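Naming follows writing order (A, B, C, D, E and F), and every chain is counted from residue 1.
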Amino acid sequence: MATQLKNSPLNFTWPEEGFTRVPYWVYTAPEIYAREQEVVFGGSAYSFIGFECEIPNTGDFRATKVGSKPVIYTRDETGQVRVFANRCAHRGVQFCYETHGKGKTEFICPYHQWTYNLHGETIAIPFRRGLKKQGGMPKDFDMKQHRLQELKVATYNGTIFASFDHGMPSFEEYLGPKMLHWVNRVFNGRPLKVLGYQRQRLRSNWKLMFENIKDPYHASLMHVFLVSFSLFRADNPSKVQLDGTGLHGVQISQRGEQKHDEGTEDIRQNIAHLKLANPNMLQPEKEYPGEATVVMQTIWPNLIIQQQSNTLAMRQIQTVSPQEFELHWTYFGYADESEEMTMKRLRQANLMGPAGFVSADDSEVMEATQFGVANYPEAKAVVEMGGRDFEDTDHMVTESMIRGFYSGYRKIMGL
Amino acid sequence: MATQLKNSPLNFTWPEEGFTRVPYWVYTAPEIYAREQEVVFGGSAYSFIGFECEIPNTGDFRATKVGSKPVIYTRDETGQVRVFANRCAHRGVQFCYETHGKGKTEFICPYHQWTYNLHGETIAIPFRRGLKKQGGMPKDFDMKQHRLQELKVATYNGTIFASFDHGMPSFEEYLGPKMLHWVNRVFNGRPLKVLGYQRQRLRSNWKLMFENIKDPYHASLMHVFLVSFSLFRADNPSKVQLDGTGLHGVQISQRGEQKHDEGTEDIRQNIAHLKLANPNMLQPEKEYPGEATVVMQTIWPNLIIQQQSNTLAMRQIQTVSPQEFELHWTYFGYADESEEMTMKRLRQANLMGPAGFVSADDSEVMEATQFGVANYPEAKAVVEMGGRDFEDTDHMVTESMIRGFYSGYRKIMGL
Amino acid sequence: MATQLKNSPLNFTWPEEGFTRVPYWVYTAPEIYAREQEVVFGGSAYSFIGFECEIPNTGDFRATKVGSKPVIYTRDETGQVRVFANRCAHRGVQFCYETHGKGKTEFICPYHQWTYNLHGETIAIPFRRGLKKQGGMPKDFDMKQHRLQELKVATYNGTIFASFDHGMPSFEEYLGPKMLHWVNRVFNGRPLKVLGYQRQRLRSNWKLMFENIKDPYHASLMHVFLVSFSLFRADNPSKVQLDGTGLHGVQISQRGEQKHDEGTEDIRQNIAHLKLANPNMLQPEKEYPGEATVVMQTIWPNLIIQQQSNTLAMRQIQTVSPQEFELHWTYFGYADESEEMTMKRLRQANLMGPAGFVSADDSEVMEATQFGVANYPEAKAVVEMGGRDFEDTDHMVTESMIRGFYSGYRKIMGL
Amino acid sequence: MDAKTANTKTGSSKPSDARALRADIYDFNSAYAACIDDGDIMLWPDFFTEDAVYKVIPRENWDQNLPLATIFAEGRGGLIDRTVAITKTTVARPRYLRHFISNIRVLGTDTGVIRAEANYMVVETMPTEVTRILSAGRYLDKFVYEGKELKLKQRFCIYDSEIVPATIVYPF
Amino acid sequence: MDAKTANTKTGSSKPSDARALRADIYDFNSAYAACIDDGDIMLWPDFFTEDAVYKVIPRENWDQNLPLATIFAEGRGGLIDRTVAITKTTVARPRYLRHFISNIRVLGTDTGVIRAEANYMVVETMPTEVTRILSAGRYLDKFVYEGKELKLKQRFCIYDSEIVPATIVYPF
Amino acid sequence: MDAKTANTKTGSSKPSDARALRADIYDFNSAYAACIDDGDIMLWPDFFTEDAVYKVIPRENWDQNLPLATIFAEGRGGLIDRTVAITKTTVARPRYLRHFISNIRVLGTDTGVIRAEANYMVVETMPTEVTRILSAGRYLDKFVYEGKELKLKQRFCIYDSEIVPATIVYPF
């Protein structure tokens, strides 16, 4: 993937219909993938990194990825969160072997023990001055010029985002007030706690994950479990909102009654009579103002914020190859919540993740999409549900957010 | 593989000797593979799909592939066989998850339940008119323009072939009378029955499978089992025939006596004394007019019709990557044959397939060829046994069919 | 990998700093890898093949690889060592299936039994003259033109090297006197014996293996075991030598006392008090003149000669893909040595190989480097320890040999 | 022979009833696996007690004392709901699973509850794909006898394979 | 101890002779695997009765009641022919196989014929390649005692791994 | 029941004490694996006798009678040195190992030394990677009883997986 050269033109032509079509080569071409690493994940965007509560103290750290690029996040002695490429300034070693840890005062690369403080500055190079007057680095070698690559960090009410572009505006500006409103709903300043992780690798292009979650249309049709228990129904009050770029979006909906009517007549597999043998798995409790019970927000380029009833999770997208991505789920709650509420979240977690009563459908269909499109590069998707433009709607019967996504994607990719 | 652009030139130069040489880059280059998907499997050729008897009734279906392209075949309510790309018209999902099934009246994509009748026409799009006057597809959206991609189908005495090119001539014209003659031998209108399947994946380029089977020369040398039991010997009466393009071919031969003479003196491993502890595995019964006991026919671009004694099989080639292909064996007999004959076929099946006393040699040598050539792209095969042209012969001591194959291949590939 | 065309330009630009920087695309780009196969392993270099004592008698043989190219080495009836591409002259089969064997008077390809003598000449082609006057090779077919591809072989005191370039100078000239001096130390004409093999596959580019072993700087820092037992210390007398091209190199060092002082104060993990519960694993015996106890010599393009105390091994690099290589270890001793000495070698072997107390650190850090650099193609290594040029030194505090390596590499690759 | 003679004969370090216990668990696990691999998944809850707890837990959560499980079925009801979802609501591609359960260890018995462990590997074969390792890990079990039948009061599947390949449809 | 005391002691649900039976099958399978993995393949037929039937069957054929097998050896003779082909006529690259047989289940005994099942995995290592899963599936067995020796009257290897990686040279 | 009745009842070909012996080895191997997979590697040497020899040997060396091993630990001391290196000096990335030990065969006993074999598979999971086969092969064991405890006097791990994926950090 390293062969893409900066600014070399991509020999691909987007269908003339524009963002109501998605050409299938966009899910498979190595050149596209390499360019995405460069201008999407390596470019001017805030990628989700993790939570502040995962690294509460100075020297706590975790490893993650921005796209395919390994990074670590840690907290320095001033309490500031720092994000660095997990790549030694000397000869590139992924110097941090552990996935997480604590109590670091510095990071030492195992290879030659170049040592970095919690600001990513190189503070020690063994034998820099040589040994017994022999060897060592050149006199004019400037350690300041050889430090860990740092990312610009934005923390927001306990969440951590970062960008390889230090010219980025503030996170608030990046998201804009409309999107920020929904972020504020869950991340309202209340201290957070992590309940655990789930991770899965899909043989699917990463963009299909966004298409999936930006697509309320499917939720009311494919997810028999959701629909049967009316956790999500097309005919429940609901809306879709996008930011100006189309890259960020949110779908808002509310739970209904279990029933069979217009909303479900189109849904062949709806099982109105379905009952749970152990109902305690689904006894949601209202915890946010307003009627919305489901808010799924997508933040470019790698995050889905999931609030489905009481199950809260960040779904972070990591890319592996043109035809593989990983989904890393971090489930969370609030530090000061009751044990009962935590238990509700853990029980409702059965809906989500690699074995989720709902999400399993999605991981299966995303791979099925990749297998369907991978060998038909000349064909294309048609994305016209709800019209041919992208705008906010007061309903779920639309692919508006997908059109918005590709509108923004094409600009960034120069496609 | 999706990155090959239509009509872009291939930067490869065939050796000046022409089709008596095969340059080894033809077995490994991603650009060649992508072009093959486009112009060979996706182009003007009839690929073998399956048998009519596999889908006897309306709504029966099976999944297979044309090259790397997933398709399904089914039977509509008029009894006509239909072949469709297994790719939803909406956003590309491989909508048919099952490998086979029955009783379909329509195909429903799991993602958004776009529904297709057995003609591949889109007959239902949930929320197409929106819900409660909201959303839905644009007024001018024409379902007719968004249907399953259908392939042109040719059925011939129980076999099913299909092409992505709807301008194809009839199957009879495609094969020509000389080739058709041999197809008619086995597929004479007698109703067929499937005895079972065998599948294997080889780390080898798909063309090496054709080289192998278009090469009677090797059979009398490598296959000690065949030779020792005189099931196939170079000195048995035999011949080779090709069609005008060189792409299709057939080798015809007959069983001889177990012996040791000129025909085998060149065959070092011939074991004239070899006996079966359980002879019932090899008690062939004559079932076709004429003396031929072995007829191996290759039909461009993905089929081998195998008749070795009483074991009948279609060997379908599916491509996986430049250096991998799969061989899918469908063993069959006649619906009205005796149990004894069926048992003979099942016993003789020990000769063929992934564990075949004969075919195991072939799968091993095909991988050994790939490993031999993959890292010597600058080298080339010499294909001069039996001369430097391709024509019919009354003997097996020739690579005529391989030369014919590459003559046709180069024209189609523009190489 | 077969798609690289001879003499096509590589679209990569080396950093202007020159060989004090290594751009990370050099470890991942398929085009670079393909070119390396062509001009490095397939070009004008002597690759290590094996030992003469592995094939003592006529007809003994072993299989190995030059880069990614499969070859075999054998001994002909005159006692001369021969190296051939393991690729049949007919249609490319890796005709030698076994990894090693003996007693061959000829090599017979399994596919059509083309037969080669121990000189690689084609001596038999079954049915070459046809059968019963039918078929066969063209009258003017010249078997001499179709033989096994032979490599130019150089044997030196029991070692075997070979090159695809028959215009190569002698091995002595190739290495030059300075490098030859160190080869002579271990390979002094004393008959050798092989003690066994170890093999490992690393998800790392092959050049990182050379960087690792051409880097004495890391040894005194990363290898806690080495340092703690003072088997290798930066402050032990030691030196580095290169040939003129920079491609070959050697580091020479000597054991010291277990201690804690300037040499180790920079080494955080030094465990001065470390003791072996079973000391017999480390009771080296002097066996060469001079003070040196550790001599690690790198011979372009695929060999490391290891002499660490009494453990002797050839480490042969085989390439698998741009991001994978294999290390094949052949441990040896002298045919006439005492059982005690052999036992010392076997015990000290615990230091090396896939589970080595020392080498395990290296295999781990090589993969960690690949993972660190693979997705940052725009970044580069800084290689300035010991200066910005490459020359011999009387100390270990230098990356001189790495700079030399890339100086030579760039010339050969045209980068 | 009785335990004692066994011990004297072979120096066996285990009383014979521990042997029989492990043998029962071996048979239980074999039947359990067969139910999932080749049998009727709807019968899977019958291997558990009424108040059983079944969890599939990423090893990292277990090691960090994080409470999240990937599957969390409470009681026979929770197990039944899982089987209903598998068979009625989940839209998953067909696949074959195959369980390999080995290294069974009986850790002890308190008041009728037998604590045991085993290593498990589940390999998965998707149609037209080669067989792959879906999950490898450890069972943390609590068994009780209901009559002569062993039942699981607890099965925690702590999985090393933290990066799940695609989807977990059937239980481990 | 006798079965009854065993049962009272441990609540064991199995009579002791079923235990001994499974133990015999375990030992049989271990010897069977060792013969293929590390032993002399020519001795493989000795694990079968004179009239034995050995089949290697793709699971899809088994599930669809299609009669085709990938290997179909009838009687000791058919097994011997297979070993002769393996050792004398087949032109195959060298390889290592390794069998893992677990979850043995004794299903019952009728008139001296013991029906049993097991899960098997066979991993394959080709020279200079990493170890891979060659086949995973289930044995459907029928055993009989010839004297004190168990013999296979039937072994059907129903394999999940329908896409065979290259070639099946040695039996499962 | 005693061995004889067992034999008459089931035709068992093994004396009961051989059964108990295999059972002890099974339990031993399960504990051995748990020590490496989930336990404290520092306790690993306790599974061996004072004079034990532990080797990890590529099958090609074994088959060609080449003396080189990949790991060669002599005596309790050599085993302890290995654990010290693993925990104190080796700079290796974290990983999970999981052992699957099956097909245990008791080959015989001479003067208190029990010769046994087993097939083993060790799968490895690196952080953020899918589980892979690290090594498959065979144990060649010599056991002795120290009191009622089995100890390994010899464990040779002959591995088919000659191309080691990266690094062997923990023992097989």
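Note that in this section contacts are C-beta pairs under 8 Å (C-beta built on N, C-alpha and C of every residue); 3 or more make two chains touch, one makes a residue touch a chain.
Keep in mind the model is a prediction, meaning the values are calculated, not measured.
**Student:** By that same contact rule, can you tell me which chains touch chain B and chain C alike?
**Tutor:** Shared contacts of chain B and chain C: A, E.
**Student:** Quickly list, by label, the chains bordering both chain C and chain E.
**Tutor:** Output, common partners of chain C and chain E: B, F.
**Student:** Using C-alpha centres only, name the chain that sits farthest from chain E.
**Tutor:** Relative to chain E, the chain whose C-alpha centre sits farthest away is A.
**Student:** Measuring between Cα centroids, which chain is at the maximum distance from chain F?
**Tutor:** Here the answer is chain B, farthest from chain F.
**Student:** Is the number of contacting C-beta pairs greater for B-D or for D-E?
**Tutor:** Between D-E and B-D, contacts are more numerous in D-E.
**Student:** So the centre of each chain is just the mean of its C-alpha atoms; given that, what is the distance between chain A and chain F in Å?
**Tutor:** Each chain's C-alpha centroid was found; their separation is 44 Å.
**Student:** Please report how many Å separate the Cα centroid of chain B from that of chain F, as a whole number.
**Tutor:** Whole-Å distance between the two chain centres: 48.
**Student:** Between chain A and chain D, tell me the centre distance in angstrom, where each centre is the average of that chain's C-alpha atoms.
**Tutor:** 33
**Student:** Which residue numbers or ranges of chain F touch two or more of the other chains?
**Tutor:** Within chain F, residues 1, 91-93, 100, 102, 127-128, 130, 133, 162-163, 165 contact more than one other chain.
**Student:** Can you list every residue of chain C that touches 2 or more other chains, as numbers and ranges?
**Tutor:** Residues 97, 99, 110, 199, 201, 222, 326, 361, 364-365, 368.
**Student:** Any two chains that touch count here, so list every such pair.
**Tutor:** Those chain pairs which touch are A-B, A-C, A-D, A-F, B-C, B-D, B-E, C-E, C-F, D-E, D-F, E-F.
**Student:** Can you list the residues on chain F that touch chain A in the complex?
**Tutor:** It comes out as residues 91-94, 127-128, 130.
**Student:** Under the stated contact criterion, what part of chain D meets chain F in this complex?
**Tutor:** Touching chain F: residues 1, 6-7, 9-14, 19, 22, 59, 100, 102-105, 117, 119, 121, 133, 135-138, 160-163, 165 of chain D.
**Student:** In the complex of these two chains, what residues of chain A are touching chain F?
**Tutor:** Its residues touching chain F are 97-99, 110, 199, 201, 326.
**Student:** Which residues, counting only chain F, touch chain C once they are in their complex?
**Tutor:** Counting only chain F, the residues touching chain C are 56, 58, 60-61, 64, 66-78, 80-81, 84-85, 88-93, 162-169.
**Student:** Show me the residue ranges of chain C that touch chain A in the complex, using the header's touch definition.
**Tutor:** 11-12, 22, 24-25, 27-31, 211, 217-218, 221-222, 234-235, 262-263, 266-268, 361, 364-365, 368-369, 371-379, 381-388, 393-398
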